[in-house]
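The structure under discussion appears below in the form of structure tokens.
Per-chain numbering from 1; labels A, B, C, D and E assigned in written order.
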Amino acid sequence: GFAEERPPTKLIVGLLPGESAPTVMRLNEPLRAYLQDTLHIPVEIVVGANYAATSEALRFGRIDIAYLGPVTYILQSKRAPLEPFARPSHAGVGSTFQASIIVPAGSAATKLSDLRGGEIAFGDPASTSGTWVPRWQLLAEGLISGRDYTMQVLGAHDAVALAVANRKVAAGGISKPILLRLLKEGKIPADKVRVLQDSPPIPEYMWTFRAGLDPAFKAEIRNAFLNLKDAAALAVFRAEAFVPAKDSDVDDVRRWVADIQAVSQKTAWAPK
Amino acid sequence: MNDINPTPEFDVIDTEWRRREHLKYAFTIGAALCCATAFSFAGGFEFSRYEGAPSTVLKLAADSWPPDFSRWREWGRPLLETLATGVTGTVLGAALALPFAALAAQNIGPSPFIRQSVRIFLNAIRSLPGLIWGVIFVAAIGFGPLPGAFALGVHSTGMLGKLFFEAMEHVDPSPGAALKAHGASELAVFRFAVLPQAVPRLVDALIYRFEHNLRAATTLGVIGAGGLGLQIVTAFHLFEYKEASALIILLLIVVTAVNLLGARVRRRLLAL
Amino acid sequence: MNDINPTPEFDVIDTEWRRREHLKYAFTIGAALCCATAFSFAGGFEFSRYEGAPSTVLKLAADSWPPDFSRWREWGRPLLETLATGVTGTVLGAALALPFAALAAQNIGPSPFIRQSVRIFLNAIRSLPGLIWGVIFVAAIGFGPLPGAFALGVHSTGMLGKLFFEAMEHVDPSPGAALKAHGASELAVFRFAVLPQAVPRLVDALIYRFEHNLRAATTLGVIGAGGLGLQIVTAFHLFEYKEASALIILLLIVVTAVNLLGARVRRRLLAL
Amino acid sequence: MTVTDLSLERNGRLILDKARLSIDQGQITAIVGPSGAGKSSLIHVLNGSITPTSGVIHATDLGPLSSPTTWERMRKRTGTIFQGNALIGRLPALDNVLSGLVDTRHPLSLLPWSRVARARAMDALRQVDLLDRAFERTENLSGGEQQRVGIARALARQPRLLFADEPFSALDRPLAMRFCELFAASTRETGRTVVLVTHQLDLARAFADRVIGLRSGRIAFDGPTTLFDKEAERYVFSGNSNL
Amino acid sequence: MTVTDLSLERNGRLILDKARLSIDQGQITAIVGPSGAGKSSLIHVLNGSITPTSGVIHATDLGPLSSPTTWERMRKRTGTIFQGNALIGRLPALDNVLSGLVDTRHPLSLLPWSRVARARAMDALRQVDLLDRAFERTENLSGGEQQRVGIARALARQPRLLFADEPFSALDRPLAMRFCELFAASTRETGRTVVLVTHQLDLARAFADRVIGLRSGRIAFDGPTTLFDKEAERYVFSGNSNL
């Protein structure tokens, strides 16, 4: 029961780190300052590296808005009336990003079906681009986890990239933006990994309200995001702008998840 | 008591007694203040934060009830993996910890320099989080229970080393002194006086650590070491609390069994 | 020795002695076999896996050298948070653990039923991984050091409860029996005979756990509890090994300082 | 205090075998017997540290000691000097003596020991010549000094009934004599009952009113000291109880 | 064995003060003195458990005991019975006795104790009448029985030099006599040197060849037993050393 209707005196924003937490806070300082100026209340950013912690905090009202990945949102919105309201839009591709299935540079595989019988590494079990979308890509080629390949859950994108680069696995699923960043920064030598297949466009992460926020206040926040022009604030999200988001934006992902669940009841994780 | 004739000596002793008593109170108050400062720095005195906390915990508990054992058939192998990881890690750790502890204990170690070096070494390997040891070993020898076992082994060396040398330092020195007076070498004193006295505590520490390692697989599961831990974290990250609670109950049963078995081994075999 | 005339009794005792010796050897061999089985199940005997392992570890070590302290200015607050979390968590845990331990110890507890119940309760709160406690408290009271402190507190209760009751069980029973013969209640025996004897070990366990909690922030950092742990894990995930190693050295220094301080407190204050 | 048909078994060993004895109030009763005869076990049964396998202990004014409450009242008035001292080595001598007064304070009280308790403890330490070592860690004291701390702990209680299990084994002769005289004076003056286990038969003969001889867990002699002659002694100590 | 100007300080207390004494080979030397005089400390210095603050210990055939090697050779031939027993309570009596022979085996050997060691330990246990309790946990034994295990551990070494620190304090008279006779026999037959600390002056008078009286860390008497008369005794024990 979050029937609280009075406007809060403070906005708490939950983020997941792509950098170390203080860096995330520092990078997002323009966004925080902008929100504080626009909303005329104090704004605080908290960073949790764990999907479960952030989304549970949102569900129980310990944070007011959070930036959630599609799968996290889908799972959590079954249990709490969350409301997505904005997502970043990128130059050229719109409001989407991609996952990739990568193989060691020397791998003989040329198509996904060549991975049959091998070990494939994935990131966090709740990660959209690190686990669910790559699994769906494989499924689309008829490869089912546990039957046609062995799932190795490594918990993080970087671990997947490292495992593939060191030829510890036949392939790995990873978020494409993260892969590109790792390559650009030289964290993973470019000659060690090769992209086997990119995924179809995935709906972007969504800014999501917790349940029970005052509607007028929600409108203020939504407008603040949609009208955000500050280049520094947007750059952190590699975005041109924030565009409106709604629940049905992630229907594609819902379908993919359902597809995986349909075939994987026995052979791998099957959420009910 | 009217039957006691105080002598002037009594006053001297009573003054000293009160001085010591005051010292104790002062220390207690000082320590309490330290704790209160830490608590307040952590935000523990912002009582508004506790609002809704009990209901949240209850809600989460309700979400986890009843535990869902429907997939128990799939837990056999992870359970075995966890046991194998735990046993191997603990045995490796104990085997390495014993000589280090002997070098680090004040009452047996060969020299203060070696003692301090070994202690710092033990501190150092403890300072690397188990998770990072896990990543290192996954990188070095690939996935599965083995890197987990090694990570636990190294980390356990640091921990058990400390627990062991403390247990050794606490033994009654007189039997050791007796052996020494009878021409026993340092090593013989260690084996025939310190070790036999310390053994019940060493076994306690070992069981404690074994139990810890069984549960630590929870953290390590995520980095590709598998076992029950991965199951728990996955269930938790996907908000399958009913299944997570079933897994935790399974873990509790295993842990309790280990403790009972340990107690029995101690009673039976060490009583010999 | 030609100076000893064996009596028939010697043979009886020698036979019994050999029986006990054989039992010990048999137990040792049995235990060794168990360990070998576990090791082999974990894949430890697949020697091909160790190929390249040393070079990988060396490579990782080289990547971490020299430690990069350039961002030390940003570590002040996380360090303080870690200390506050660690102190609070440990104190909470110890305060709760002490009464539970008194109920669980064989030589003081009021009844076997209560003893066993308390032990199972302690096992149960230990069985929930620290990470999950973290998520629960984040959901209950929001982000920051406080949920971390509570998570550590609850988990420490389980751990310290066990260490404490073992320390209490190991004290010399005779001073307690003396008090009891002098009309002291169970509680008085606990306070005036068991506790004073156990105190050095309780302090050991406390320092051990404090140190553990300082490092456990590593795990808890992930759920947004802040502190050095989050810094280390994110630095590690971002392949900033040089920074990670600097942070670990910082942690090592803190841990060593805590141990030295603890040793001094023990020597000085407990010698009173 | 009378005891009927007391038997005690520990770890399958019969240690006391239907012992029947009585202890007279205001007197010194010496318990003697070979090593391992069961003297310490008897003391432990009498002061309530061990529950006997069978048999009843009857206190003169409390009746049979069967319920916890009667035991509690009994314990209030007894003090025991333990063989092996049963002290806490890391605590100062004074704290060990104070711990003998623990039944006078609430176990959870955070207040320091009362003035009265302190005075009593210091007085007891003075009686055993250790007042100047009051703050020494007990484990740093010599064997005889530790034994005297154990004596002081019992004396501080000013008990009406004093069990002393080999209280002088590590003391020199003059000290032992002094304590014997102290015990004798307290029985005369305050009517204290003393049960003294000792291997020093000459002390027993000189100070005890009554001698009980134990042999392999059985009462082998029970009578006034005057009747405990060389022959009785030989009988009690004939053959080691273990063989 | 001669000792010159031996001083010992512990925790800021002067415990032995320029003690100068000699111990004759093949004889029984009794060390007597009030409780806390420093007798145990002297034994610990003589057997090398404590390093004295100053002073030199000179063994008849090894010269001054200054280097670790001379100490090692010295320790090989000595056995000590400790006041307080210094046993490991959770181990069986036999194991505690065997531990006296630990210098006969390699500390890392995984082999069981040799036949010879076992025979020696059993023989020692037999001498103290505890062979039937060989597998009893030592802490379950009575005070006197534990003391006898301590005696057995020293006897099993068949030492040429035996230090005995109040070895009979918890034993009954017949047993104490027996051990005294055993000691006397071994000095006669094998030339064993015995240093006996005891509060039982009659035993010292009956069996010792020489008496050393300690008082507050100083040698107050040193001479043949015949010269240790009542007056010498009074002098050594006059006034408690602590006061």
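Throughout what follows, a residue touches a chain if its C-beta (ideal position, glycine included) is under 8 Å from a C-beta of that chain, and two chains touch if they have at least 3 such contacts.
As the structure is a prediction and not an experimental result, all values here were calculated from the model.
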item	value
Both-way neighbours, i.e. chains that touch chain B and touch chain A	C
Leading chain pair when contacts are tallied as C-beta pairs	B-C
Label of the chain whose CA centroid is most distant from the centroid of chain D	A
Euclidean distance of C-alpha centroids - chain A vs chain C, Å	36
Distance between chain centroids, defined by C-alpha means - chain B, chain D (Å)	42
Cα-centroid distance, chain D relative to chain E, in whole angstrom	28
Per-residue overlap in chain C, given as positions that touch at least 2 other chains	20, 56, 131, 135, 139-142, 144, 200, 233, 272
Overlap residues in chain E, where contacts from two or more other chains coincide	84, 132
For chain A, residues contacting two or more additional chains	52, 56, 60, 159, 162, 166
Contacting chain pairs - touch in the sense defined above	A-B, A-C, B-C, B-D, B-E, C-D, C-E, D-E
Parts of chain B lying in touch with chain A, wherever the complex brings them together	52, 56, 59-60, 63, 135, 138-139, 142-143, 221-224, 230, 233-234, 236-240
For the chain B and chain E complex, residues of the former touching the latter	172, 174-175, 177-185, 187-188, 190-193, 196-197, 200, 270-272
Touching residues (chain side chain C, partner chain B) in the complex	20, 23-24, 27, 34-35, 38-39, 41-44, 49-50, 52-54, 56-57, 60, 80-81, 83-85, 87-88, 91, 119-120, 123-124, 126-129, 131-132, 135-136, 139-142, 144-146, 148-149, 159, 162-163, 166, 170, 200-201, 204, 208, 211, 215, 218-219, 229, 232-233, 236, 244, 248, 251-252, 255-256, 259, 269, 272
Chain D-touching residues of chain E, taken from the complex the two chains share	10-11, 32-36, 40-41, 83-84, 129-130, 132-133, 140-145, 147-148, 166, 169-176, 199, 201, 237, 240, 242-243
Sites on chain A touched by chain C in the complex	12, 14, 17, 19-22, 46-50, 52-54, 56-57, 59-60, 62-63, 156, 158-159, 162, 166, 182, 187-188
